Structures are given as structure tokens and as C-alpha cells.
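What follows is a set of structures for review.
In what comes next, chain A is part of two complexes: it sits with chain B in the first one and with chain C in the second one.
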Partner chain A sequence: MDQLLQQIVAGLEAGSYYSLIGLAIVVIMKSTDVPNFAMAEMGLVAAYVAWWLSDDAEVGLPFALAIIIGLVFAAAFGAVTQFLLVRPLTGLSNQPLAVFSSLAFGFVMIDQIRERGLPAFIDWIPGLGGGYPTPIAVLLSIALVPISYFILRKWVKKLDVIDHFPLLLLTIGLNFALGSIIENLWSSTPQRFEAPWSGETFNVGDTRIGVDQLISISMGAAIALILAAFFRSKWGVRMRAIAEDGSTARMLGINAGAVSLIAWALGTSVAGAAMILNTSSTVLELGSAEGLILKGFIAAVLGGFVSLPGTFAGGLIVGVAEAVVGGQISTSLQPTMALLIVVAVLLISPGGLSREAKLREV
Partner chain B sequence: MSKFKWLIAMLCALSLFAAACGSDDAAVVESAEETAEEAEDAVDEAVEEAEEAVEEADEANEEADEAVEEVEEAEEVATVDGCGANSPDDTPGLDKEAGTLTIGTSQPFTGRASTAGEGLVGGVILAVEDINARGGIDGCTFELVWEDDRFEIEQMVTNVRKMIEEDGVWGFVATAGSQAIPSTYPAIEGAGTPLWGPVSPADQDIQQVYLTNSTRTEQGRICIDYFAEQGVTKVAAIGQDNELGVEAFNAIEIQAPIHGMEIVAQEEVEVLSDLVAPAVLAVIESEAEGVLTALDGTQNALVMDQFFEAGFSPLMCSDQGSAGAGGQTAVGLANPEASDGYLGALQGSLTDSADPFVQNWAELWEAYDGPGSETPSLNFSLQTFSIATAFFELMDRLDGNYAYDNFHAAAETLGDNPILVPSMPPIACGPLPGGHSCAAGAGIAVYNAFEDPDGDGAGTWVQVRDFQAPAN
Partner chain C sequence: MSTTETSAPDRPLYPPKPGGWRRHQTFISSFGIFAVLAVLPWFPLLAFTGTFDTGNDFGAGNMAFVFAFAAAAVGFNLLVGYSGTLGLAHAGLFALGAYGTAILTAPAECLDFDTCDPVVREASSGYGWPFFVALPLVCVAAAIIGIVVGFPAARLKGFFLAIATLALGELIVTIIRLDDDVWSGLKTNGGTGKQVPIFRFWGAGPVTSAYYMALGALIITFIGYVILTERRLGRTLKAVRDTEIATGPIGISATYYKLVAFGLAAFSASLAGAAWAQNSAFVNPASFRTRLLVFLLVVLIVGGLGRLWGPLIGAVFFVYLRQELQSTQKLLFLLIGIALILTVLILPDGFASVPDRIRDSRWAQDLRKRFKSVGVK
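On to the complex of A and B.
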């Protein structure tokens, strides 16, 4: 019995991470109507930022402050991603992307021109090779920015007809890109990201419970409740309206861009919380997100990609089932449990675990 | 003609005149005759001397010719000693004129396994620089082409194809990354390119592939031998749900019965999953006294931590790749109290070994500032340095004939005359089937998180068992 309780606690801890990633996926699904395959990786970026700020790494801030800044960064990161990358693909203006790209191009050009002269492809023009003084490099780059802006504006067009497929590909590409960015910024060496309570345990009867387990489970439940409350607010209702019927919602005066931006900020914060909790309880490494994204999607499927309670419960069920079946029957069955649950739930209730949920075309 | 007749007539007349005018004394006549004979003798001697001189000159000429021939032969011999002179002209990677032989390696320099990969790359580069600094082998220096595979199967296959087809490498040396290497076998077999490295899983009986280190199964068996020496009677295994786990379970099933041990648990953990708790709880429930693990470094650290938090302290041992024995890949992520006493199998010596070979490596590594020089996992550098050194020793035995047939012939007879690199078990390959698993045996090291009574410092690995083959 003690062993079973121990397994359930371990399952609830793992399940809370699955639930939070699932909730983040659902939040974005509710606004943009696209499954975000980069969700866990975006959360991992926030976790790395929090670690980098903490006293385990370079900046040396207290753990709590590092986490708060990490979550704020996650919100900003989600918003910037929506503003620059998602907007053009959802029928909204492509101006931000073109402006950002042009400025980035100009910034890179300053360095290139200063170091090497004009880029190699026009080096054959007499007199253009070799390095230029910084002021000339800056002036030349400024001249190049508007040119690149007009090219990019023509080239990167917003979609006239909203199609989920490019958005889907965007999130997959973003997943890989973020992995590379993390590796280049912080290396791929696994890191310890210790919370002040790491390693602390207490007993309930004969069952040993880690403080980090308790915090992960309770934080998961708290975030789910906060999200549920949010979706009953004005902005939450607007978000659901956009997801249900974007065109009608826009005709009713709902600012689809702002709603989507808030959803991406919120979703990325939730994913950041999931990854911070997970990595401070285990180890911070590149592979942390890979292990969670699939289980997060399974939780979202169990919530029908709509229901927050269904998604939260789905994540916990998967986590507990893995731990209990692994412990009581065989650990070799553990990896298949999540998929077996999905198949069973979809056969019995195709819309997921909640009455709120309904089958969506993804 | 008439002048000639006149001359003869004059001579005859003069002779008559001389005879008429000369002494009619017989002694005078005799004297003239003697003088004439002496003159003839002198001429004969002169002719003989001249003939002898000619003969001596001929002999001198012959000697000179012989000397020239000897010089020419010597020059020919010198050509035979040049780089790969006894090799076919179409030998891949061989440039006789430049005196170079190109070899390749693919390593996980970036990506999830980069902590190991940086050291692996650095070790091979260092070995090549070292052999070249010593003048190479039989007139050949070595050029190394290396590629980063990010520990991804597709990338490793791409790298191997590129190095065969574009770079034209002779063979692959010390290529690591067990999970990906078997995917490259079709390309390697197709081109006939040898691969000399620490490959696991076990020998798949491929002509081109030589396994230079003991497999994970053998290392696991040696862990269990060590458990037996420590009095363990109940043993468990935790492995990933892939080839790593399969090898650990093979090891425990082969070796536990040899020592009369009871196998009390065999648990799996999903790849990349942090959910190790079910396996940990099952092992705790089994009351195992010794636990063999085949996990990644992070999972090993989590298992150590959870054992410790539960107050459960069995002997825990892993293969070298899994344990990161000699480095910090697993123990550096666990609490010091949890990692203290963790055991790792050793495919090669520890980096602080007093052996002169290892000391030489350490000095070279100290001066090395190339790719991977910043790695904290020096043990991986020593590993590939040793493997590459063994490879060069084998190449030295080929007498400049780098044809693949000659290489296989020499490699497959190493059982009679093994390559002995002090930092690793003897390499004694044999013919197929089974003979390309060239090294049997491993050592055992223990991790001291805290300073121990023997004076070993905190955070150090100490070898506690010599290289030995598994008990049978």
C-alpha cells in the first residue's frame, strides 16, 4: 500500500508537468487554432533564462526572483513570437516581421561591412573589398535597411486565406530553432537548477513525499484554476470566440491580434512554469522539452484541445497510470500507457474527458 | 710504293755497310744479338704491363658499374620505403606524392552528447598530431577529417557518406556513438571502408568493423563480478527501453547465475524521460544489494538522488558511457551524498593514472588548444587518444601496404600478437565470426564525492579493480 501511494505521488508530480504543457497548448489553441509543437521548447527557454539569472549560474539572483523574471520573460517571449512570426500567417499585417527582419539585417550588415567590406558576393567590384571604418559601415547599413524592408514586405506576404498548415510548420521549425539557440547560448551540458527545497522530504505515514513533488502538484493545480478563471473573464471569452469563429468575432469588433498576442504570452508563461518546475526538480538540459511535449499533447487530446479541466485531469491520469502500471506490473509497459489511454478515451468519448470538449479538426 | 722500296733498299745497304765496316770480331756480333733480344723482352714486358693496366681499368669500370647499380638499387629501395609505396595506387585516402593518408571520424561534438563528444574529438586530433610530430609511419603523415553528428543517426550517416565519397578517407578511427553507428554499416560495407572504434552493441560480424573496447554487456558482467566480490547476493538492473537496456539485461542474465546471485528486478525507463520513480521504487521494493544501470547521465543522477532520499544504499554500477566514469556527466548532476560510492566500469585508464602513456597524454592535452580542449570530460579524450594510438600501431605493422586486404589480414591475426596500449585492455582481434570484438575486459572505478581515508580528494574517481575479462 505504501508502495502504491509512493507511486501515485510520483505519478502526480510527472502528471502535473504534462498537465501544464497541455494547458499551454490548449490556451494557444483557443486563440490561434493551431497546435504549438514548440510549446515545451519555448518554456525551456524561459527555464534557461531563470537558471542563468539564479545563484546556480552567472547572475546570482535569489531563486524566487530569478523565477519571477523568467516567467515575465516567458510572457514577453510568447508575445514577441506571436507579433513577429504568427501574425502574417493568421491573415494579419506582415509589417512587424518585415520591419524586424530589416533591422536585424541592418545590424548584421554593420558588423559585416566593418569587418570585411561589402559582402563577398560583390567583392569583385573594384574598391569594395576590405574593411570599412565603423561610421561608413553604419551609414551603408542604414541605406540597406529600407531596401531590404521593401523586398521583405513584398516577399513575406500575409496569408489571404488562413491555413493551419503553415502555422503548424512554423511551430515545428521554431522547436528546432530554439533548441539550437539554447545550445549556442548555454551549451548542451546538463545543469543543476536547484530550488531551495530540492532534496527535502517528509513522511505521511510511511509514504515519503518530496517537497518538490508537493510544490509541483500544487502549482499545477493552482495554474489550472487561474486559467479557468481567466477564461471566464472578458478577455477569456473573446479568446474562445476567436477560436470558435474568427471571422464573426472580428465582425463583432474583437481585436483578434490583441487576443492572440495575450494567448501566446499566457501560454508561454504556463509552459515556462512547467519547465521551471520540472527542471528544478530534475536536471536542466536540452532534452527536457522533448520528453514533455508528447505527453503534453496527449493531455491536450484528452481535454479535446478545448477543456482546461479535461486537459489538467488528462495529464494527471497519464502520469499516475505510467507510475502505477510501471511499479505494479512492469516498467516496460510504462511508455505505452499514455497511448493506450488516448486510444481508450477517444474510442469511448471522442471529444475528450470533459463535456465542454468536442472533437476538433486539427 | 717506290719510296718504300727505296727505303728497304737503303736499309739493306746500310746493314751490309755496317756489317762490312763493323768488327769482324764474333763477340761484337753476339753483343748486337743480345741487345736485340733485350729490346724485344722490354717490348714484351711493356705490352704485358699495358695489358694488365687495361685489365685493371676494366675491373675498375666494372666496380664502378656495380657501384652505380648499387646506388640505383639503393635509390629503388628508398622509393619502396616511401608513404604507402607497397600499396596499390588506387588505395583510398592515400596520396603517395604528398606522403599522406587521410582518415576520418564522426563525433557528437554538439547536441545532447557534446559533453563527451568534445573530449572524443580532441583525443583523436591529439593522437594524429602526436603521430605526425613523431614523423608519421613509414613515410606517411596522417590527415584527419572530422565531422559533427550531433548524436543524431541521420547526421552520422550523412557524415560517413560524405567522408567516404567526397573526402575519400581511408577508414574511420575512434568514431563513437553506439546508437547511431550501426546505421552507417551499409555505407561502410558498400565502400569497404574499415571502422576502428569503441562500437557497441556487440559484434555484428561485419568485415570492415573492429570493436576496440569491451561492449556494454561485457562491462555490465564485470560490474556484477565486482558485486560478487563485495558479497552481493541479490542484484537488479535498470535500463533504458532501447539497446542500452537490452545489453544491461543480457549482462545480468549471463553473469548473475555464474555467481549464484538472485535477479530480483529488471526495470525499464523511457528514453529522455525524467520519470525514473517507478523503476526506483520497484528496485527499492526488491531489496537489491547491487544495481546495474544502463541509463543516460541525467537518469543515473536522478536514480542516485532518489535512492539516497529513500535511505536505500545498494552498490550501483554502470558501463563507462552511462556512468561517465572518470568524468562528471552523471555524478556532477547528483547530490554529493547520493553519488558517493557510485561505481563505473572502465574501458580505459583514469586520466590521473601514473602510467607513462597516460602521463604523456596528459602533457600533450595540457598543451592542446584545438577543438574540444575546453571539455570537462577529459576521460573521453584519453579514450579516443588510446584507440587512435592502437590504430597507428596496427598501421605500422602493414609495412607500407595499406590495401584493405592486407589491413584485414594483419588485424585478424592480432590474437597472436596483440596491440598493447597501456591505457586500455589488449586489442586482440581474430577472424570472423566473432573475432572483431577485439578487447575483452574492463576495470572498475569508484567515485569519491568526499575525501576518503586513502587520501583521494573529493570529486575524484579511483580505480578499484584492474582490467579483467568477465568470469565464465
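On to the complex of A and C.
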């Protein structure tokens, strides 16, 4: 019995991470219709930034300040991602993407040309092999910038119909690129990202409960409530209007670009909060995001990709089911539970657990 | 001709069938492919001179990976590109082929039982079937499982179907992994992996044999793809993809054809998985998780969705990139991610669509018009 309580608490803790990732996915899905597979990885970037700021060996800011900066960074990061990558595909301008990526491309090529010369497939031409002096490398790179700018401006076309599949692929690509960037910046060794309350426990009866578990669960519930309140505010109503009928909402004067930007900032900071809570109670490593993203999607499926309460409850159900089955029956059955739940829900009631979801075409 | 007059006076409803050799263009180009593939088997013979087969070059081993990935992507292409059904259980079905052949063909016991290490015995014991009995059975069984995995397609569409099949594919891998902890009927040796007995063609080396095996898998899937998509099945699948709402009233069950596509895709995935396992000689459940699915998606998308040559181009691209960046795994994933993003943004139909895009570009059209006005054909 005591064990059961402990397992339920552990399940609620894991479930609140799933819920938060699921909520982040739903916020973005609701307002821009992008299934964001990179959600957990984007949150992990924010968690790494917060760790880098708070760790004594690195920058050494106080924990609370580091977390606030990490969340602000997450919001900015989400907004930048929307501005550069998602805008062109959802029918807005591709100018920012073209400007930014051609500048970045030119910057990367300076080093490449200086160190290794021209790309391997043409350096067999006599005189083209080997490295170049810096001024020539800079000139060659500057010459490459307008070329890549025009290619991107001309060839990145908006999609006629906003289809989920290319957007899903785009975010899968983003997921891989971000994981690799994290690995390059901060090596792949697991780090300890300790909150001040890590390791402290208290007893309820015979059950030992960690303070971090309690904080994770309560923060998860608080963030879910804040999100629910947000969707009743002015910007939240605009988001729902865009999701319901994009073109009509835009005709009525709602700025779709701004709404999408805010949704991405909000979603990424929620994901950042989830990953900070998760990594500060376990360890900070590259694999943290990989396990959470699928569970986050499962939570979102349980909410039908529209309902915030459904998503929140779905994440908790998955977490508790996993922990209880793992504790009471067999630990090796634990990974199958979430998968069985999602298949069963999709087959029995494809719209998820809530009634709101029935409006959407499944 | 009467249909063209009734429906649209100045433009026919369908493009007219081209005359001359262009009429058989697909068959001619696929004969070209088979000719290339028929020359390629002589490639490993160079291994005797020590040029290839070093394992570090873009040699026979990597060519076998190219063929295996391409064979899996051909079936994936039929499912995702041709029938427009987002079935993402491909990595699990790939694992079924790899594990199925590994378990069925492994010898039942160690020959020298006393000296046999118990750990090694677990990793290499099986049922001792002949390879070419086990392979078709595994593929047919995987096709049936693939049809079962496809059942959600009857109720779900698009993105929701993708998540359901993704979960089912993951479930297959989880069951393989589960085996050693809960029961041990499957002999998968749980999470630690399984050694694959390599089938040798008349005393050829392991790499060469795996090369032929993968080439055979690719040829079979390619021939199957060309034959099936050129016939009624291909046209029906296209109809199901483009106008699903109209197929019901004319007596075509969309669900039935989607399940057929699922079965064929699963068949090719398990065939490719078997060939892949022959080449890598060791299978581990960790290598068949979502990451493999993403690799297959990269092969498919970068190559070209719904295009004949797409999977082969994508597989060459992917294996080349993986080989070039073998020492720096960090950069590999960065480049794969960037390649996927750029493909979605710039070339939504993949590399295989580049000739079409050049042909349809305004520049080429102007050029053609100018040639016509001059009188050059």
C-alpha cells in the first residue's frame, strides 16, 4: 500500500512532464497547426542554457535567476524558430529565412574555405585544392551570400494547402539539428543540474516523498492553469480564432504572424519549464528529450490535439499507468503501457478524451 | 476522343499518351536500372585485390547498406508516396525481418556444448532453418503483421494515423526487447542483441554475400514496385490518395487498398531488414527505434516522395554522408537535420524531382519556345 502511494507520486511526477510537453505541443498545434516534433529538444536547449548559467564551474548565477533567464531564452528561441522556419511554410514571408541563413552560410564558409579550400568534389581541378588566405576566403564567402539568398528567396515557396506531413518532417529535421548543436556546444556527458531542494525528502506515513517530486507536480498543475487562463485572454481568443478559421480571422484584422509568434514563444517556454523540471530532478543529458517527446505526443493525442484539460489529464494518466504497472506487475512492461494506451484510445475514440476534440477532423 | 469534346473543348481531360519510345519510358528506364544493377555485382570481385572490402571505404559493405536502405524505402515509398497513407511502423517491420531471419536460421545449439559460453549461446541460439526457407516465411509473416498494423487506417487519417502506426511500430520493438525479461519464447535475447548467422553464397566472404543479398532484396522490391505501380493497383492507389472521397461510390474500397499497401510495404521492409542484418552481422533492439525510422524518412524525403528513383538516390546520399562523417557523429546529425529542413523548404519532392523542375521552369519553357520558333525540334 505504501509502495503504491509512492508509485503514484512518482507516476504523477513523470506524468506532469508528459503533460507539459503535451501542452506545449497543443498550444502550437492550436494556433499554427504545426505538429512540433522538436518540442522537447527545444525545451532541452533552454534547460542547458539554465544549467550553464547556474553551474558553479560555468557562469554561476543564482538558481532562480538562471531559470528565469532560461525561460526567457526559451521564449525568444521559439519566436526565432517561428520567424525563420515556420513562417515561410505557413503562407507568410520567407525573407527572414533567406537573410539569416545566407548570412550564417557565408559565416560558416569563411572558416571552411580558409581551412580546407573548396568543397571536396571540385578540388581535383589543379589550383583549387588546399586552403586559401583569409582575405580571399572572406571575399569568396561574401560572394556566396547573395547566391544563397536568391536561391532561398526564389525556391522556398509557401505550401498551397497546409499539410501536416512536411511540417512534421521539418520539425524532425530541427530536432536532429538541435540535438547535434547541444552536443557540439556542451559535450554529450550527462551533467548534474541541481536545484537547491534536490535530494530533500519528507515522509507521509511510511512513504518517502521527494520535495522535487512535489514541486514538479505542483508546477505542472500551475502552468496548466495559467495556460487555460491565457486562452481566455485577448490573445488567447485570437489564437483560437486563427485555429478555427484562419482566413476569416485574418480578414477580420487579426495579425496571424504575431499570433503565431506568441504561440511559439509560449509553447517553447512551457517546454523549457518541463525540461528544466525534469532535468533538475534527474540528470541533464541529451537523451532526456528523446524519451519525453513521444510521451508528450501521446498526451496530446489523449487531448485530441485541441483540449488543454484533456492533454493535462492524458499526461498524468500515462505517467501513473506506467509507474503503477512498472511497480506492481513488471518493470519491463513499463515502456509498453503508453503505446498500448495511445493505440487503444485512437481506435476506440479517435478524438481523444474530451468533447472539444470532436470538432476537429480526425 | 469523344470524351475530350464533351468535357473540355480545347484541352483533353488527361494528357494524351505519348507515342514512340516515350510510351514505354518507365519500362525502358527500369531496364536501365536493372542493367546498372546487373553490372554492380561484379564490383566486389575487386575486393580480392584489396581495393574494396576494407570496411572503411565506400566499399562493398556500404553498397550493401545503400541497397538495404533503398529496398526498405521503396516499400515506404509505395505506402507513403503512392497511396498517401502515413504509416510510420516501418522501423518495427524492418526489425521483424532482421530478428526473424536471425532467430530462425541460427543453429539450435552450440556444436561443442561444454565449452560453449552461456552468454554466447543465448546470443546465437535459434532454430537452425535453412536461410531461403526462413526468409520468405518471415517476409510473409511480416506482411500479415503489417496489415494488422495498418488497421487503424480504417478509422484514422493523416497525422493521427501516423501517431497510431508509430506507436505500433515502437510496440513491435518493445516486444522484441521484452522477450528475455518476461518470457523467452522468441529467443530474441532481450535488450542485449543477437548474433546473425551470415548466409554464404558458395563460399564467398561475409561482406560479398551480404552485398549480393542486399542487391537481391533491392531488385525484388524494385521489380515489384515497377510492375505494381504500372498496373491497375498503382492507378487505384493514386486514386485513393488523390480523391479518396470519390473512390467509394465507384466501388473501390479505400481501406482495402490501403491495407494492401501496408502489406506490401511491410514485405519490403522485412526483406530489407533481413539483408541489413546479414550485412551488419549483429542486431540490437536499440538500433530499430525511432532513429531508424527517421533515417528511412530522410532516405525517402531527400530522395523524392512518390518517385521511382527517389529511394535509391536518397539511400546513396544518406550512406555517403554517414560514411564521410563516421568519425564525427555530432556533425552527422546536424547535417541530416539541415538536409531534411532544406529538402522540405526548397525541394519538397526531393532530388529525384530536379529534372522535372528544370523541365517545367520558365527558363526551360522559354528556351523550348524559342527553339520551336526557329524550327529546331
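The rule is short, and it goes like this: the second predicted complex is superposed on the first by the 296 of 362 C-alpha atoms of A that agree within 3 Å, B and C clash if a C-alpha of one lies under 4 Å from a C-alpha of the other, contacts with A are read in each partner's own complex, and residues count from 1 in each chain.
The rule we apply is simple: a contact is a pair of C-beta atoms (placed from the backbone, for glycine too) under 8 Å apart; a residue touches a chain by one contact, two chains touch by 3 or more.
Note that the structure is predicted; figures quoted are calculated from it, not measured.
Between chain B and chain C, C contacts the larger number of chain A residues.
In the overlay built on the shared chain, the residue A:Ala57 is in contact with neither chain B nor chain C. In the superposition on chain A, A:Gly287 makes contact with chain B only, not with chain C. When the two complexes are overlaid on their common chain A, residue A:Leu170 makes contact with chain C while staying clear of chain B. In the superposition on chain A, contact of A:Ile110 is made with neither chain B nor chain C. By the document's definition of touching, both partners, chain B and chain C, reach A:Pro335. Residue contacts after overlaying the shared chain place A:Ile262 against neither chain B nor chain C. When the shared chain is aligned, chain B and chain C each come close enough to touch A:Glu183.
Looking at chain A, you'll find residues 183, 188, 290, 330-332, 335 touch chain B in one structure and chain C in the other. Within the complex formed with chain B, the chain A residues making contact are 3, 6-7, 10-11, 13-14, 183, 187-190, 192, 199, 201, 208, 210, 278, 281-283, 285-288, 290-291, 319, 322-324, 326-327, 330-332, 334-335. Across the complex, chain C is touched by residues 35, 85, 88-89, 97, 151-152, 155-156, 159, 164-170, 172-181, 183-184, 188, 290, 294, 297-298, 301, 330-333, 335-336, 338-340, 342-343, 346-347, 350, 361-362 of chain A. Touching chain A in their complex are the following residues of chain B: 110-112, 114-115, 241, 267-270, 272-275, 277-279, 281-282, 285, 297-298, 301-302, 305, 309-310, 329, 332-333, 335, 376. Every residue of chain C that touches chain A in the complex is listed here, in rising order: 86, 151-152, 155-160, 162-164, 166-168, 170-171, 174-175, 177-178, 181-182, 290, 294, 297, 301, 330-334, 336-341, 343-348.
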